[in-house]
Every structure is written in structure tokens, then in C-alpha cells.
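Below, chain A partners chain B and then partners chain C, in two separate complexes.
Coming up: the complex of A and B.
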């Protein structure tokens, strides 16, 4: 972690002890660890029959009780099992879409910050344009036009949520490049590649991590919204898709709270956890003014 | 000079919106007619007729030029499902959305800015912690889920579908009361989600001002804490916050889509949902142009207003 000290970006350095001071962030990280474990391990333990609509034998719309501790859905499947199965899809889409968005944002940000001139002007213009447009509307348009599937959702969210990262990364790149040590590196013959890799990147990476964490939070909400609108992958169970089913089959008029409450609560808890971790990282990474 | 730059920027954004609309709905899908008639019994001859009817049989560049010239004439094309001009269909649904979004934005801005100021002024107090915690949680809540929960919890207390009942007396007062009654749940949903963002914006905006030297001066003059806040800190902090509120207008638009879908509120959001379930690309394209255009205009307004209200901006 010498990189941070060397370029003067963060005088205190990046250390775990400071991160631990942020209790909310630690709590968020713990929640995420549990959620990830559930998402990875649980599907291996669920018998395939239990989630197959044609093979379940339990009565539909069963309230939570001895047999199913979270009740059953409109086809008689266990809500608890569906929730566990859905965790994987929601987390996977959230993570991959966030990685895609942040990668595009970082690339655009560094390029427009490092290379000036017409290219930077054009990139900045495009970034500002997409920053203003409602990302969800664009994501809906994209997922309507492309064939339904997991990769479409990831693309739709990833391609529409990169501009905020691009802005932050660009600002950071400009700040760093104005420093004397970059001028020195250039005077000594350092090319674009050298300046970007050795001087700009070390201070951009922590910011990118913060942005990625926050981007996962909004990507999970976006996934649930797209799935709720019926634009999700019809072959996969996600928390948003469960809420879509709940709405479609009238869980609200039937007062089937056990069908409605768990998926939404799971989304809130996981999204909040990502937000708390992101904010804790942000407090550690950004020096206090 | 600044005005000309802003106007030019907004005009360029509108052009980019138009190009994006064409690209998304005419270029990306390949053949829109095949996608739009999927799942319906259509023969090749019918598809060819539809293609000719919507001008999709011509080369792409010709389609683009006719698209641009129609746009300049205020023509957004013809809806595939309604078989009527898109502009007409959108115009009919504008009122309910303006009512819902307007009500919710006014309440959310008022409440959000007030809570944000209170929270920032007593940083790390119990009130601040509670407000920030609730805001962060609400920010994580999917809008549609909150709407469904409210519907289930309130039961028959408020109507949960549409904008008015058919059996309401036709006089103005009864009609207005009926619409207001229908408006309660959708606006609470929209306010809750949008307000959370405003609280956080206002809070951080005021925190930026907290250690400014002019506040020390104001306190040294012996002003009451209350006056320091109202006369000195808030006026400086509220302008950037208001600009950000306008900048996040896209958030309200997104919220309106899911809220209207959940509550069957007959506005643009519900129309959006109907268009995407069709799918009706021509209607979606029109909706994208109208919402994106509205967002661009809102930003321009915020920008100009900020320049008028805040002398510090002119100096830059």
C-alpha cells in the first residue's frame, strides 16, 4: 500500500484498522458475507424437485407454519427455498453489472482526464448526457429491445450506470496530473502508459472500489425493478422476479404477506449492506477536508 | 455568453436524445415488426404490409431522415398497439403524471430539505443518526415493493387502483376529493423514495458550509443559533442542493414508472409499462424522447435559475 503514500493521495494510508472504526461498514460486510455464503452453498442443497412447478405437491398460498416456515407461493413452492435460490441471481446480476459499469466509467474517466483536447471534450459531453438521462428508462428500453436473458439485464444496467464513476475518476485523474511529480515523470521521459499506470492508477483504484461497491447496491435495485416489470430472465428465480410473480398472481389482494415481505426485505438488507460498506470505504479512502 | 453555451449544450443534448431513440428502437432490434408481432399469429404478407405501413422497408438512412423531419414537425410516429399518433396518446396521459409527480416532488423537496437541514445542524445527534439511517434504508427500498406493502397494510382505507371511481358525483368538489383520495398512496410511495435522496443531498450540502468563516463571524456577532442557521448557513447551502434536486429529476421519472405501474395510475409511467409489455417500440421511442427531453429541459432551467439566484456562479 505504499502507492497511496508515495503520491500523497492519502497521508494516513489505507489500513484495515481505520476501516474497522466504521461499525456500520463492518456490519454491512458481515451481512454480505452471509448472503454470499447462502447464495453459493444453498442451491447445492436444494433438491431440484422442490422448485419445479410441475412436481410440487404442497397446497398453494399456504401461510407460514410447521411445513414451510415462510409459507408457499401460488404454485405451492416453498418461499424459503425460492428466496435462497433467488439470492444467487440477484447478487450475480448486481455484481457483474456493477463491474461492467465501473470498468466503463473508469476507462472513460481516465482517458478523458489524461488525454485532453477534442477526445476529452467529446467524452465529457457524452458522460454528462448519460449522467442526466434517467438510467432506469434507458435500461428498460435496452432490455425491451434485446432478447430476454441474464446477459441482457447485466448489459442494460451496466451500460446505463457508468457516468457517475466516469465523473469521479476524471476529476481524480485531473487532480493527480496537476501535481509536480507527474510533471517530473513526464520531463524524465515517461510516456502516457507510464504516467497512467504508475501515477494515475494507484490513486484512482481506491475510488473505483468505492464506486463499485455503491454501484452494486443500485444495480441490485435496478435488477429487481426490471424483473418486476417482467423484463427479467424468465428461466431464473431472483428476488425481483418473485415480487413480479407476487404482483401478477395477486398476493396483495390475497394478503399473502409471506410472499411479498421476504423478497423485498432481502433486497433492502443486501442493498443497505453494500451502501454501508461503500460509505465506510469512502470515508477511509477520501481524506477529510 | 454563459447563456448561449447552456442553450447550445441543451440543444445538443436534445439532438443526442433523438439519435439515441432512433438507434435503440430501429437499429438495435433488427426487424421491429418481427419482435412486436412475436407470439401473435401473423403471416409473412401481413408483416410486409406492416413494414410498409411504418416505413420499415426503406433503407436505414432514409428512415433516419424521415424520422428527423417528422420529429421537427412534432410528429412522434404512430403507436403500434393504439394505432393512433404517439404524440396524441402521450398527450392524454400527461395530466395524471404531472399531478402525481408535481405533488410528490413538492412534498419531498419541502420535507427533504427541512429534515436535511435539521440533521446537518446537529451532526451526530440522535436526530441526525435516525434521519440518515432511515434515508439510507429508504434509498435501498425498491419503489414498487414499498407501494405493494402500503397497499397491503392500508387495506380498504385508500383506493389502490386508478385515479377516480366511476360512480363519483360529476361536480367538481366530489371529483377533486376522489382524485385526492386516490392520490394518497401513490404520492406517499414516490415521496418516501425520492425524499430520502433529498435529505442526504441537503445534509451534505449544509455540512460543507458548517465550518465556513462567515458562520464564525455571525456567531461572534452574538446571533442566536437559530438565526445563524436560517439567515446565514441555509441560504448558502440550499442553492447547490436545489440544483442537485433538479439534476436528479430523472430519479423522479424512474420512480413514477414503477409507482404508476403498481397503482394503475393512468399516467405516462403506466403507459411506459403497457408499451414495454406489448412491446410497442414506436410508443416506447416517443416516451423515451419525451421523458429524456423533459429531463434535459429541467436541467437547463435549474442551471439558468441557479445563475440568477446565486451571484457566485456568475463570477466563475
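Coming up: the complex of A and C.
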């Protein structure tokens, strides 16, 4: 963390050129761009009837072929269209849950790092509490109790995955606050608001950004897990929900690999892409690591 | 390295297990896959379907239901006679029937069982409803039981109570804690329980003293599976011989499988869509928050008319069901009611639209009339898919649905607290329709605390209740059938719920090991989950081929084992090689 201030964001700002040096990161970003484009544009192009189980006319359980190049599901809907439609939900839940988690984590981290004392003690105990709770179990419990829906899933994932971010951000806050320039700012009469906004935040934000990118990856996996277990929003199509339906409606005894494989592969690819981008960002932000 | 070796040996062991069992000469064993757990082997406490099914194999009832047409037939008693006022019933338990330990079965055993239930509240846990109307049960001699009832009771020949041996059970101190696991368990049924490892297997052997004659198989094993997918896979491999409760997809996947025969049977279950008719407690206080528009019977009829039952049947049940009508499924022949063409509500969205307009619910500017919540169970394939159809079909008549698929417990809460507009539900029915009809009487509505009744749909209708009381004391079966049909017609007309479908029971068995099973009823009947034990009792093993196959089995095993040994040796060598290279 030593060279952080001098070489990282504060001195040069965000240096895009340095990110481009990381080829894997660029590849990840390219995959994400394609996924985002598909998620945004494709639903506008899919005819409404194509995914309506009451309107489709194709036979169910068709193997991939000329008509449907990823086959059809148990109701005769095209898997390829379902995949495209599901991308939006998976990415949306992943992103919002990650933003929620990182926001909570950053807030708790900065506040506990900056103010210290009793408040920090209390916040840290809460963090520890959430850290030792098995996140998946807690998320399952939450999404069982709360009414079904996208917001529940986002909340369940967000509320269970913030503690690690809080820890990292707190550590960074403590490092920054120990610096002489923060002491000088205080001596010159800078209040809490000034120190946090002008000195702590600028060096915490890049870290938070990296954390958020990596958190998206785990949030997408969490969403898929919950949806697969049947705890997702049952009225929406996501990749996890597709796996759930495949399992529920008997893709295994039907040996319909084309119903199980594409959603699984899509989750792996997108999660990998987020991880690659996150790692590249991390390397840029902390070059000496 | 050692760990690796162990792992490999473990793999070898499992591989050995996975090879088809050698069909050497030995006992004929029928292995049945079960998914549901056993709550108790104590027949006074067992309520799960799985437990009562095994109870039927261990203990006979006073009367039984014939395999071919489900009429009442000889159980432990072979003759019965009601008095003129229908308050006194005399049953005759003939000589010559014996418990599995050789003791004779007498009227004393019957009287002991019923009196235990009359005097001990715990003994009434599972089947108490059958004896609440009894005033006394006495064995006047070893062959005669006299039962006196407080009021005439039509279900006297449908007392589904396992009769237990007095000489064993009179020594039992506390029914509540008695697990009934003194193996082999003394019983009167075609099989004797010999071993039970919870969560793994249940073993029974044939009862050679069974009064109908010993079954054709020697042993009957129930093997537990985590889910039905695994059970179906095991059937395909021949590890089990009989599987039931399959999903349509699983059933379809076995269509062309060699050595597997499928049985598509009429089931005892129906699936329904509850329509909250303005739920009230038994005191008439409103309860829950159902949409007030649904209190109007014209609205409920319009909703029922807008549901395309045929589409649900074909697309959701994949054809493995029958179109819904009355409360009693068609498997119970004479009690089943079908609307006449003039009574039938045909699928007609236009008529439904017109009816809603006439009822005073015109479409608003956005094309909707009012919105409703549809509650179902998440993870139940039918609910997840049918809700999409209902959403579309009711949307077409201007009623947008807010679909809420929730957990089992939440669904229970919602339906008991009446906080639903529309909800999926379903019941399994008995041969005697009294139970399923009784669910819809005013008296079954709960009290203010939400307890004290098991109403299904919060239905409360004077006409229906009067008919219910009449059928309860109608001993002429022809007349009672007529009343029961009138009740179903009234229910259909008032639509507190729409019976969507009668689900088929989907079963399959290994036809290379078992030639046939006795189904109940004979036409389109089930093998498992019968009102009786005929399916297992009538199982006929295939006549054995020569024992040549067993050599093939051992050969496969030997080759497999050698391959594993070889792999271990090769791997050990390679590991050494790399270890040397590393150094």
C-alpha cells in the first residue's frame, strides 16, 4: 500500500493505459461488454410470444439443431432466447447486490476507521458477527422469510457479503489517517467531513472499485445458487432460474444436456470475466503487489 | 500416496457395488424405492402415507377393499350386521386366522384395539376420527365384536384402523414412546417387519401364516432415496424394482427403456385453485384479506370460465391427468361427478368478459378490472408452470395476476389465514367420500384464532351443509351416491375452488424381474399407495433363467477388480517416476 498515493490514482488519476497492459483484464472487459450489450439490446428484439409458455408451439425437449440452435426446454421455448433474456436479470442482480454490499462495507469501514473508539468497536463486532455467519445459509434464510422477488435476492446477497469489504476499507482508512498530511489537515482545522471527503475517500475509492468488481462475480454466483434452490424470483428468467427449472422439470432424466450446460457455462464465463477485470484493476491500483 | 490408494480402493468397492447384482439362486426380493420418511412404525401414531402403507402390510383391518373394484370385502371380519336402528354393528371374526407368531386372531384383539383408542388419547393420534362416534366396543365371545355408536355412522365398513395383537400390546406401557421395533414385529398382514434402519432401508419378510395364503415373493425391501430423480436412475440400473410418484418428465424418460414397464394409473389426488369466497370464521367474523370482488359468485364463475383446463392438462400435466370436475376423482367410479352438458362451464373468455361487465366490474382505462394475488408453492413444478398459464388467461379477461410462489410453510399460513385471492391446493381422497366432502362444511371453518378446523376453501353454504348431513345418515348406497353427486354439483356451481385436474399416479417396475403386480382397481389402478396391500401381495417374480448369467456377473466383477489393481500399480509407478524426476 506504500506506493499507493504516489503511483496510483491520486497522482495520475485513473490511468487507462496501465489497465491495457493487463491482457487478461482486457479480455474480461471485452466479454463483459458483449454480455452487457446482449442483456440490454436482446430483450428488445425478442418477440413477446417467444418466451410465453402459453403461446409457444414448438415441441418440448428438442435437441440443438437447425430450428433452435440451443434446443428447447420442457415447454418448447428456445433455450438460446431464454439465455439471452436471463443475462439481464443475472447481471442486474449481480451488479446491484455488489453495489449494495460494497456501499455498506465502505460506509462501515470508513466510519469505524475514521472515528475509532466505542463506535468502531461496536461496528467491528457487527462486522465480525456477519463475517463468521455462513453467508449462503443466511441468504437462504432471508430469502425464505421475505416475500419472493428481485429486491429480496439483492437484499439477501447484499446483506451477507459486505463484511470483507468493510475490513479492507477500514484497514486502508487507518493507513491513510496515520499519514502526516492528514495530521497537517487536522492541525489546520479540517473537520471530520473535510478529512473524510478530501483525504480518506480519494484513496479508498479505487480500492472500493476493485472490491466491487470482484464482489459482482461472487454476487452472480450467489444469485444463481439461490435461484437454483428455487428461492429466486420465480416469475423472472435468470441463468440460475434456468438451472432450477431444468432440474425441476426433469432435464436430468430426459438427458437434456442443452438445458443444463448453457446457463452453467454462461455463469462461469461472466464470473471469470468479472474476476479478470477485478484482478487487473487491483494490479493497477496497487502496482507493487 | 496412502490416501490415494485408499481412495482408489474405495472407488473399486463402489464400482463393485454398481455392477448389476448377480442373479444367483436366492430369495425373491422385491426392492421398492421410497422418498418419504417414516414418522413412526407404531400404527397408532403413524400418519405419513409411507408409514400407513407399511402399516397395511403388517396389520390387517377389520374390513378390506377388494383389489378389482374397491368394494368392501373380508378383512379380519368376514361377516357384519347392523341393527335396525343402525346404532349397533356386529362383526364376526372367523376361526383359523393367526398372528405371525402363531397365536390365533380373535375378536378380543379387535375389541382391545378399539378400546385402547377410546380410552387412551395418544392412541387416537392417527385414526381417532373413526372412533369418536363409538360409545362402546365389546367382544361377546372370541368370534364376535359388537360396536355401539352414538349416532348412525356410514363409515362403519371403512374403519381404516390397523388391528394390533392384544397379547403383545397389552404389555405396552406408554403408547407415545413405543416405537414398535421388537423385531420381528408380530402382525396379521402378508408381511412381517424384520429390520428398519431410519433413512436407509426397511426390510419385511413374507408371513407364511397369512390367512389369504403366503405372498409369492420372499422378502420386501423399501430403500430410501434422497429424491425421485435418483430413484428413477436406480430403477434404470436395476438396483430397485418398483418406483412410484414419478413426474411426467421422469415417466416419459422411461418410455423406451428395456426391461422397464410403466403403469399410468388413475390417482386419488386432485389439484385445485382456491378462490377466496370472502373467508369467515366459524362464528361468521370476516378473516383474512381476500379481494371483496370474489364474494360475488358471478365473478368466481367468470374466473372459472376463463381458465382453459384442457390447455393446463396438455401443457402443464403433459397429459398425465384427467380434466377436473367434481371433488371426488374418477378412480372412485360411482362417487365421481361430471357436469352434464348444460351444467358444464366451457372455456369461454368472451362469456367470462361479458359476465364480469354484467356483474359491475367494467374495464378501467388501462383495460383491467381489478388485480388478484395468485399464491402457489415454489419448487412444485405444477404451480410454477400453471401460474404462467393462469396469468395469461385471466389477463385476457382484464384481471392481472400478481404471482407469488412461496415456501410450503408460507403457503400453509396464507391459506389458513385466508390472506389469498387465488391459491393452488390439492387433496388426496379416500374411497369413502365423507372426508373430502366434510372439508367444505361451515363447521370446518376455523375459530377466531385461526385454529380448530381444516376447511379447504372457506366454503360455507346452507344447501351443501344440509346435503352433507343427509348423506351421513343415508344407508342406502344408491341414494347416498345421488346426494354426494348433488353436493359436488353445488360445489361446482358455487366455485369456492376450481378442481383443475385429477393427477395420474405414475409408476414403473422392472419387467425383467417381476411379471405382474395386482393393481387396485383392476382397470387403470395403482400398484403402490393403494387402499390395501394388493400391489405387494400380488407381486409375481419372473420365472428364473439358468444361473449362467451369474457367471457373467462375477466375470464382470473380476475384470473390473483387475482393472483397478492394474491402475493402482501403474499410478504408483508413475508417482515414483515423477518423484524421482523432481529430485
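Just so it is clear, the second predicted complex is superposed on the first by the 273 of 289 C-alpha atoms of A that agree within 3 Å, B and C clash if a C-alpha of one lies under 4 Å from a C-alpha of the other, contacts with A are read in each partner's own complex, and residues count from 1 in each chain.
Assume a residue touches a chain if its C-beta (ideal position, glycine included) is under 8 Å from a C-beta of that chain, and two chains touch if they have at least 3 such contacts.
Computed from a predicted structure; not experimentally measured.
Undergrad: Here chain A is shared; do chain B and chain C fit on it together or clash?
TA: These partners clash in the superposed model.
Undergrad: For A:286 in the superposed arrangement: first (chain B), second (chain C), both or neither?
TA: In the superposition, A:286 contacts neither chain B nor chain C.
Undergrad: Who does A:135 touch here: chain B (first), chain C (second), both, or neither?
TA: First partner only.
Undergrad: Of the partners chain B and chain C, which touch A:230 in the superposed model: first, second, both, neither?
TA: both
Undergrad: Is A:255 contacted by the first partner chain B, the second partner chain C, both or neither?
TA: both
Undergrad: Applying the touch criterion given at the start, work out whether A:267 contacts chain B, chain C, both or neither, answering first, second, both or neither.
TA: The answer is first: A:267 touches chain B but not chain C.
Undergrad: For A:144 in the superposed arrangement: first (chain B), second (chain C), both or neither?
TA: After superposing on A, A:144 lies in contact with both chain B and chain C.
Undergrad: By the touch definition at the top of the document, which applies to A:125: first (chain B), second (chain C), both, or neither?
TA: A:125 contacts chain B only, not chain C.
Undergrad: In the superposed arrangement, which partner chain does A:243 touch: chain B (first), chain C (second), both, or neither?
TA: Touch status of A:243: first partner only.
Undergrad: Where does A:217 make contact in the superposed view: on chain B (first), on chain C (second), on both, or on neither?
TA: first
Undergrad: After superposing on the shared chain, does chain C or chain B touch more chain A residues?
TA: If we count touched residues of chain A for both partners, the winner is B.
Undergrad: Flag for me the stretch of chain B that overlaps chain C after superposition; candidates: 41-49, 95-103, 113-121 or 239-247.
TA: 41-49
Undergrad: Share the list of chain A residues that count as touching for chain B in one structure and for chain C in the other.
TA: 144, 230-231, 251-252, 255
Undergrad: In the complex of these two chains, what residues of chain A are touching chain C?
TA: 52-55, 74-75, 144, 147-148, 230-231, 234-235, 245, 248-255
Undergrad: In their shared complex, at which residues does chain B touch chain A?
TA: For this pair, the touching residues of chain B are 12-13, 16-17, 24-25, 28-29, 35, 136-137, 139-146, 148-149, 151-152, 160, 247, 250-251, 253-254, 257-258, 261-262, 272-273, 276-277, 279, 281, 284, 287-288, 291-292, 295-296, 299.
Undergrad: Tell me, which parts of chain C touch chain A in their complex?
TA: 229, 232-233, 247-250, 252-254, 311, 315, 378-379, 381, 384-385, 387-389, 392-393, 403-407
Undergrad: Flag every residue of chain A that touches chain B in the complex, lowest number first.
TA: The contact residues of chain A facing chain B are 125-126, 129, 132-138, 140-142, 144-146, 217, 221, 224-225, 228-231, 240, 243, 246-247, 251-252, 255, 257, 260-261, 263-264, 267-268, 271-272, 275-276.
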